[in-house]
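Below is one structure; the comments refer to it alone.
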Amino acid sequence: MSGNSFGTLFCVTSFGESHGPAFGGVVDGCPPGLELKSEDIQKELDRRKPGSSRHVTQRRETDAVEILSGVYEGRTTGTAIGFLIRNEDARSKDYAAIAEKFRPGHADFTYLQKYGIRDPRGGGRASARETVIRVAAGAIAKKWLRERYGVLIRGYLAQLGPHKIAFKSWDAVGGNPFFSPDDSRTRELEQFMDALRESGDSVGARVNVVAEKVPVGWGEPVYGRLDADIAAAMMSINAVKGVEIGAGFASIAQKGSEHGDEMTPQGFLSNNNGGVLGGISTGQDVVVSIALKPTSSIRVPRRTIDAKGGATTVQTTGRHDPCVGIRATPIAEAMLACVLMDHALRHRAQCGDVTPPVKFK
Amino acid sequence: MSGNSFGTLFCVTSFGESHGPAFGGVVDGCPPGLELKSEDIQKELDRRKPGSSRHVTQRRETDAVEILSGVYEGRTTGTAIGFLIRNEDARSKDYAAIAEKFRPGHADFTYLQKYGIRDPRGGGRASARETVIRVAAGAIAKKWLRERYGVLIRGYLAQLGPHKIAFKSWDAVGGNPFFSPDDSRTRELEQFMDALRESGDSVGARVNVVAEKVPVGWGEPVYGRLDADIAAAMMSINAVKGVEIGAGFASIAQKGSEHGDEMTPQGFLSNNNGGVLGGISTGQDVVVSIALKPTSSIRVPRRTIDAKGGATTVQTTGRHDPCVGIRATPIAEAMLACVLMDHALRHRAQCGDVTPPVKFK
Amino acid sequence: MSGNSFGTLFCVTSFGESHGPAFGGVVDGCPPGLELKSEDIQKELDRRKPGSSRHVTQRRETDAVEILSGVYEGRTTGTAIGFLIRNEDARSKDYAAIAEKFRPGHADFTYLQKYGIRDPRGGGRASARETVIRVAAGAIAKKWLRERYGVLIRGYLAQLGPHKIAFKSWDAVGGNPFFSPDDSRTRELEQFMDALRESGDSVGARVNVVAEKVPVGWGEPVYGRLDADIAAAMMSINAVKGVEIGAGFASIAQKGSEHGDEMTPQGFLSNNNGGVLGGISTGQDVVVSIALKPTSSIRVPRRTIDAKGGATTVQTTGRHDPCVGIRATPIAEAMLACVLMDHALRHRAQCGDVTPPVKFK
Amino acid sequence: MSGNSFGTLFCVTSFGESHGPAFGGVVDGCPPGLELKSEDIQKELDRRKPGSSRHVTQRRETDAVEILSGVYEGRTTGTAIGFLIRNEDARSKDYAAIAEKFRPGHADFTYLQKYGIRDPRGGGRASARETVIRVAAGAIAKKWLRERYGVLIRGYLAQLGPHKIAFKSWDAVGGNPFFSPDDSRTRELEQFMDALRESGDSVGARVNVVAEKVPVGWGEPVYGRLDADIAAAMMSINAVKGVEIGAGFASIAQKGSEHGDEMTPQGFLSNNNGGVLGGISTGQDVVVSIALKPTSSIRVPRRTIDAKGGATTVQTTGRHDPCVGIRATPIAEAMLACVLMDHALRHRAQCGDVTPPVKFK
């Protein structure tokens, strides 16, 4: 399997460039009989859509999805689900100035060095716009997981640059442009972003994602672990530089007597392991946290080289997210959904005849 | 591909249980013509061997590797390399007391729930002893990467419980029982471990791994990214709960003007990205950091349930590492080596005709 | 990897249904820098196009291909190549009469039984129209193989129903509607087909495909053999029921002293092995022969059952190829091309540093 | 996945050389809870064992299998099943004479040219002895398929050189050294083989394999078809040059009105399709036929070249099967079993919630 596909049984393939005619995706392995309309996908795409507030890129895209196959009379047929999302607002001229320079922190340089050729328009294949495919595929996975197992996957912005945001409520998340779980912080975040945008700079972010009602038993030790596949899926999102499961890096300083989640006949007493033990889901919430680096396309001038290796400086003036992390919440949810669905199918393939022997009261 | 294999072209398959007759591995896809003796593998196995100091498990294993195939007259032939490591010091009686209870933080519970059956002797397949296979496979990858591309992969203990250890020198790493890069801290770490062992508790750790001289261009966007595969490989190591590349979680609070690594005709001026941009190696050091949770098998009594779901407590008295992170350095190096080698092969498959256009002076 | 993708490094993914809006494909893993225009693909699509003579289905499709990604300024960029072929002449009403019945020899029945749901319009996903994707992907593989290694892949109709057609010349193949390698037989074949069409029945066919100038060394023993992957690729073509390499079934009655291809310093003296020994290409022509069964959609009435399991009869009156084998030549060529390209990449991944030690004079 | 593994969910990995210390295998993905003893595997290994009659190689191997993992207290645990079969009667000196020459029709040449190095002892990795691993893995698959679904997989020798053997009874198959289904032909076959052995030559064979009670619905269109995977599995067996499903090459001359299997409420009226339509099992017997070429190691002198490319002749005097097809029946059964089991798991992964709507009476 080459680099533009992921998943063993619920398999997602993606193609498209930022300024090409379209992005497209193929979801293979979806069980038949799932009710699926383009609106089910559109709803999730609209959550990550650019142009939804002044704090994200002003590129105007409807991100309208067209389902091309795999659905008949409103239900999945078990065959490959192909879909397209046309690019509408591609202003390639914005990029003329930087086509011959490498942006520090951007994949411009590595694509050219790897392939000897690159599509410089809008970042080409390296554009975060590729994540529309992940969100679309994730919408299908989310729907199936919810209907088949009751799994609920939700995420939120846990930190914006230096601003940590403690979780208050899921209700808050949909009510502000940041996916922030605390409405009372919105003003503060807006002011921070306004100042940042004005400065021409960018910042990183932390996004947390939680999957509730995941059944016990999903995940294949020892290399195909659930958490290993989650780690890969998250790290494959543009700008992600770190992934934690459960207590994550805080585990380092914990004692075993503090970290190991005690059990009673009623269930676990804590969730330091983030819902995964030995690579297999425990039945608790699967809890994932990711770090996103600051956007590399900024107006602040920076030292760099040109395609001939000569010294120069670069400023990026196109339309960019000053914090890609803001729109990352639906993307991270989608990736978690795809991995969980893949493992749901893998689990019932091997262990379809097993009833978990221990039941909590 | 099922869960006990990883890698696309340099493919590692593992089998074995802690108290079964042996662990075994198969390395498929290794280029032919590599000089390989069992000593090349043994050398690395000895670095992770139990019983090497009082700070690790006292299980006595020679961990002697027997190569069974794929090598002829001292050179790899291009066919699958099979090897065995016999278990010698398996005292299953140590586990009788816990066979019917679940250790908090251990995979006991999830294996039983997933499969409906489990081998309770020494943790069965979930034992960290499985990592011998990773280290053996990694020894092959390390050797090839070094000889073919000059790649050098080294790791060290960066934190032991609450004790952060600043990097001093690679020379120090081999001279103490902790893979600590600072000799002056050895006494302190020993005292900490002695007290910990006495208390019957355990702690977590942080291990950093660095690959030098990695050529530019390895990694397959957008899902088969180098960093995504590294994240999966690291998270698949027993007890790992977090993975960072480069600045990792510190990226969150960075500005773009601080994070993005500037370039000059002589090269990069910093390495916040940890040697990967857009999922492709930059030619800088690949820098990875992982968090390992505290060992779950501890003498401190803990609340748990038995196989019938009833309330009980558990204390684990067998021979265990009070900090699995101490022996994790060669394991993390091995996993990084395997991923890099896989991508070296994948890269030359697709881009074997490409010369990277930009050369630094 | 799920069922709608094939290939390890040169990976083809397909989606689409006969009467849906479009068929689409993704080619992942193509080396960068290949000159590629839609005409390069169109040329091959036109060779399998319906409606090109009275002997094939009269469905009118331009089969115009639109490349959506992976190509920039006329060259492949190394990213996924997505493409679409819209369906234009889908007359679903033709199928109303058979939507509730199963055609003997058709996948109607198995799709419904497997998935519990099926798209009955034009055979849905089981339509031979899906082979447009194979031909398009194969066009890319053919072009790269030709330019990079000089490999030339050509096929011809070797038998039409009871009529065996001895190979006369490659020049003949393009000059008649049957891909027949003997112009002098065209009249006979036309008369046979006219009578067959009038009878409302169908026949099978044999297609031979030959790849010249394949370098020695492609193929991965023991399961990833070149011939094993060719066999899978060919058997995956609609209606194929048999695959032979080299002497194929004739090998059964051969003696070893007859079958084994002798060698001299100038090369092999025969090619019973069809260019593959031990799963690895020998440097001779790769020679493949396939059997295609007769089309299942015929006007002759046949006993069958309906969706409720009741007895009935069925006649299929839509537009169908009375011999699917006639248009199968470009499809078989395409599949062989894709497999060879995949193995070309796999070979240079593992053995990129090997020079074959024996040179023929 | 590299070349020494096959299967998506029921995944078999193989290693070992003819004159190395051992062959080994790993079966990954087997459902937990299957009763499995080494005798279950040994029974099948004994069916393909060398030295069982004067008509096969006189190499003396007990082929004793040692299970190393994945089984606990007589049941599979769901973890990887590793096993070893030691080589005992490896007389490498037999090969000294041919180490520097290529046997016509043997993989000697291609291994050397691909890898630049080869293990010449007993054919190294190319030895048909590798098929012990297939038979061992197949024994596990057969057992599971039988117990879980009632699937019964059996094969027989259908042709020995020029001698076609019509099927008489399954009972006959076990009662002669040829897996012949007609006891009355044994004398004739023995005489033929005695004369052949005396002449120092070899012949090909045809083996047929049938799987009964395969449920409807197994197989993943359009590339992961059941028949495509069967074709690959069969073609990957040493010496196989052709594969047919159902009517196979006889389909070419059939009319559609003859080939398409009619249906009644009681079931199908014929089985030209060999139990597969559109790549999905129909519920009928899966019927496969393979052609095996004559052994390449013969005493008859043949023209060839040496490792320096010079002209020479070669005679092979070691211990060889004069017809590898004789021992191929259990191997072909095993490969079919592995593919069916893989698809059984893949099917219940995707379609575990589907009940086939049509029931035959």
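Each chain gets a letter, A, B, C and D, in the order it is written, and its residues are counted from 1.
Operating definition for what follows: contacts are C-beta pairs under 8 Å (C-beta built on N, C-alpha and C of every residue); 3 or more make two chains touch, one makes a residue touch a chain.
Just so we're clear, the structure is a prediction, and the values are computed from it rather than from any experiment.
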item	value
Any chain that touches subunit D and subunit B	A, C
Distance-maximising chain from subunit A - centres being C-alpha averages	D
Inter-centroid spacing, subunit D versus subunit A (mean Cα positions, whole Å)	45
Rounded Å distance between subunit A and subunit C, as computed from the means of their C-alpha atoms	38
Length of the line joining the C-alpha centres of subunit C and subunit D, rounded to whole Å	26
Contacts with 2+ other chains: residues of subunit A	1-5, 8-9, 14, 29, 32-33, 78-79, 114-116, 125, 221, 351, 354
Complex interface listing, subunit D residues touching subunit C	1-6, 8, 12, 14, 102-107, 109-116, 125-126, 130, 159, 161-162, 201-206, 216-225, 227-236, 238, 241-265, 269, 272-274, 276-283, 291-296, 298, 300, 302-305, 307-311, 325, 347, 351, 354-361
Residues of subunit B touching subunit C in the complex	8-9, 29-33, 78-79, 148, 221, 345-346, 348-354
In the complex with subunit C, residue positions of subunit A that touch it	1-5, 7-11, 13-17, 20-24, 26, 28-29, 32-33, 66, 68-70, 72, 75, 77-82, 84, 114-119, 124-125
